[in-house]
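Right, I'll just put the structure down here and ask away after.
All chains are identified by letter, namely A, B, C, D, E and F, in their written order; residue positions are counted from 1 within each chain.
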């Protein structure tokens, strides 16, 4: 595991804990952030003894979103021709999107633990996670609208699959801030906790539970839910049939069955 | 109406009541179950004087899901070649899926009435129904994860269209059991009832209400909602325009209009 | 701004207030309604200094849906050949759909303010709006089922993207009436208000807030959410990258940035 | 039938002959062209006794494509803000596209008869027709590449469905001119003729043949082929089943059957 | 293998030869035809030692299409209500489509050998086959247009994926008859033969060649090409990766490798 | 430009010439090949003064496809659990696919120049190029079928969009070898040349022609054709409108216009 500048990465109990580690900057997403997150999730993807991921923010806040200095540096790459500038910007946006695609496409479940501010780009990030948990007083806001732009690294693409259409539009048009409790009612977070410690304890408990399941089964389950976000029911049925044609030949079914019969905890290989 | 081994099928007031009838086995889904359900829903589909279907489970529980003996028998069909085994398994999964596709594609509304356990394959089944109602203390769990496999007969394909993405993933990854009240809050069931009798009374009341509507209108309505689960809004608009091009020439509009003007109950042909 | 027969259209603070103005007919949607609404929304679309739209109904009710006289006139156009009648009906339905498509595709956010009855065609209309707000005692019903027909101008196509699948089907099959409070719980409306005046005050407050944002950013945000209703996440990411390739070259980002730094209100060009 | 400035429209034998009528300008597509073509095809669509359309160009050439004066006038609408310019341009392009969409979506078959130059926008136009016929020495070129732009009114969208992918790219990247014979080999035109008179005679003969068929059957056939350009086979099968559910109740089947048995020409109502 | 009334089914060299066996009726497709073809292809699908299928017609002609007596019998099922008739017709069309879907979805390659007339429904049939071969003087015609109807059992859905769009429309609108040679140029048939004997010899030679390949590889290849007819390239790549994740573990790769190294013919298990 | 082991990369006249450089191994695709090709095409993508790419093979043959040693090394990574092996294989296949996706998604046109053998994986490669040109006696074969596997790095996904469905299946099922002339007739290659020198001269001439066009226009054109391979016509029209909203503000239109008026060659910035 390399040294990261924008993150702290720890592992325990087959869980990778990925913490945005720029508390002094309200965990604003700088250039290091955008490149390191790709490396981290590639490493997670390829490391068999990691089974679950928790993403959190160091300090009082989860993250204030994209670092403004970074935005400014993009502007400095532009020239005089609108068409060529458009190509530069399009490539840049696709690169930033790739950072959160790495989270979305990670083959292990990713749980976000959110306290304090979760603004702008931070919403894009948590929309790419599997599940979200927060403190009751966390603050969520689709801040991009107040920067004079439409959010372009995932919020407008993924969040409408997570919360209802009507409130989605209100939050995106107004940038209105909601707290953890309203976020829970909208389905944005699954559960709220009284404070940051309770939050981390709770999220780790869920993560440990998932880490104890068959990794083959978890991976298939995640792939299928991810697939259904964008595909038809009939295609999804055909896909799982093809997928399970191999996976049902895994030893994990026998391990699970044996565990059930002996009333013991199943112990699955990585 | 044939004699069924795994089901009891009764009709009254243009409603078919399909009961899984293996209470002594917690209504586990055995080989009979999977083949008979296709015959039953084909018969319902072709029988004009059935307008609504209720699916329930005999005894204290709705169903504990797939019968383990059945799973074992699939294993016994496998040989030494992984590729050929994969073809056998893929075909088998597609066959099981076809059983619940018959429910999903039934041209009449299907209401599930759920009490007690509703586990594993039972979630796949109710995900293929139009609406779900339960007792307050019913227990729902995506149990497949504890069998070392990704659910492959419909839960992972249809449930994400019914409940929110975030909680969908939590339930699928952890297999956590939820009761009727939480199920209602998630949108998994439309309403909960104090006990099994109140549940059946309530569901029959809704079914009778639907059975009194124009069957031409109900069929079109179901087809359109089913279609929208997988298609674009513009395609859906074109489809209903083509569909109603014929159906608006039905007598049912005049019958309905006359009933409204005379303040009497409309009596629609089957 | 022309004179309309079925509507009253007023503008203030960059907000167009479009009121169905046939209170004496419970705002039933007559022939004028269906043609004028297209003109109104085309005008809104092309008028740069309108940034937000509010749709409401004059008098005690939002709207009772399609005018029955209009339905009858369609019937009078039919002849003896079923096939040719089907072509006439199909074309007619597509025309009516085009009226609400004009609302759906409007490039500015459209807020519906609903009191009293909101029945049949009125549900089709509000399903084509961006957000919905109502009085607590408003009454919503998918009335078409009691006219012996499947709703064909948008409810069955757009509403399943707004409220949960299970309750969607129950409401469409039974035509059951729900009040503002239940509508809010289902996600059909974003918020309820004690009475009509509080409703209009509340909706205008939200509209003013949106009107103060960058119109370039609002337009992009709306286009992206609309796009995601029918497209894949990867297509959506590519689309916003292409869209923002031009829009990030707009002055609005600098205006927004300057406002944030000076803690002043941003003033965006139309 | 109105007077048109850019077109001459004649009807005979249930065929509308639409001629681009600016021979002195090589039938360049000016502002009149783009608006009148929408009116013409709307009128054709609604006029029951027109069953087939022929599109041709007056004089020695079919058309040299978009009028440069028109392009220049678009430029004059632009201001200083790149984002707002982008909105103006996007709207303008969508408007021009709408002109050829009217051809594409016309419910009657449209045959293009092409001689001489068929350049740039003219390729966009003929790509929106059902079938294309030309003189042997006609000259086709995707000229937009030499104007420094990607073709944006239909060529790049529709032509790949008509000719093979490999040659499509070569022609689009190089703007290479091909004659009628090569166009026929590529599937761009169905047949070539020695000269313009033979071309028109030949195309009229095909048009008359189509005009003698059941208009209900022709319309359904066109709709289905158009639909398949963008949809799945299973969706297409479901769509024709829904469509023909009405259309097979038309008298045209009996008329056709009677004609076959009496060996006489069928005479179908409009 | 059962006795069939409309077909003769023979097997040799792992090839099933399915012959439409109503030469005295020009192999018109009667009620027996439509039901038996489903049984035959289900049996083929489940019978491991059949690897390839040849479909042909007994006597001088391949088939004249649907039997008119059958069409008439459908008409006799209709009543007075247009809406209910539409439901009967829709269900009937879907049933007929299911017959050719059985051919299309067969997991083994299906080769059509065509001589003489191949009209109407026969085009629908061969469009559902994998490859088509004919005599030079075979006669193909989309005859439905002359029956006053749009073809509804597959021609308009599958043929546009096989031949070019422009000529597809001409043939569908005019019903023009083309011979084997023109069919070959259009890509409708892969090769033509001088006479019926040469045709069968040629098709059997190709079938034998395919039958000698790995059945696991052939099945995967067919599934992938079938899949690509309706899916995106990226989905197709993901699908084959999932599919081959199992199939590359088959022994067939080693068998093939060994055969290549020993320069001997590979002998694959069924 | 780095040193590559499997390739030789040269640039001239804004053209990158990428040559597979393992003539002594018939240009078999080894491990170096699969990783270096990604680096090369990323570099091409990011290097503005490269406008066109030519892919060719050193020596007498284009390429014999995947290196068997590489296949063997994959086998050695497998263990005992079928499910975990499936995950290893699936990941490996996706990695190999990524190599040719880099070619497919390159923003500059890619021309393949093919002589001698073009077998197995080589067909996958050229299917990912924009256009293909060959010597008359080149030999093409979908060789995977004789390795006991379905092709899984692109042939079965991309080639059906390039050549006709019927012959596609024959070639994939039989592995039959075709020469350059038949390949041209099928649309697999655009043109054939007498020998390798004439081939390279011809392909360079086309490449130079493309390199002289506006790079902004070429990039947009390629993106649109690529997009249409997988999207609907209406989506494609909306996409180009959004794309050109920025690109029509480029200077290249003025440069092109000026060149046309002065009858001089346009000189576009990179």
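By definition in this document, a residue touches a chain if its C-beta (ideal position, glycine included) is under 8 Å from a C-beta of that chain, and two chains touch if they have at least 3 such contacts.
Computed from a predicted model, the values in this text were never measured in an experiment.
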Option in D-E, C-D or C-F whose residue-number contact pairs overlap E-F by over half: D-E
Chain E against chain A, contact positions shared by both copies (same if over half, else different): same
Centre-to-centre distance between chain D and chain B (centres being mean Cα positions), rounded to whole Å: 47
Rounded Å distance between chain D and chain F, as computed from the means of their C-alpha atoms: 33
Centre-of-Cα separation between chain E and chain B, whole angstrom: 34
Overlap residues in chain B, where contacts from two or more other chains coincide: 82, 86-87, 161, 216, 229, 234, 242-243, 245-250, 252
Residues of chain B defined as touching chain C within the complex: 109, 130-132, 161-163, 187-190, 206, 209-210, 213-214, 216-218, 220-225, 228-229, 232-234, 236-238, 240-250, 252-257, 260, 266, 268
Chain C residues within the chain B interface of the complex: 68, 78, 82, 85-87, 89-90, 93-94, 97, 101, 104, 144-152, 154, 156-158, 160-161, 164-170, 172-175, 229-230
Chain C-touching residues of chain D, taken from the complex the two chains share: 81-84, 86-87, 216, 219, 246-252, 269
Sites on chain B touched by chain D in the complex: 231, 235, 239, 242-243, 245-246, 249
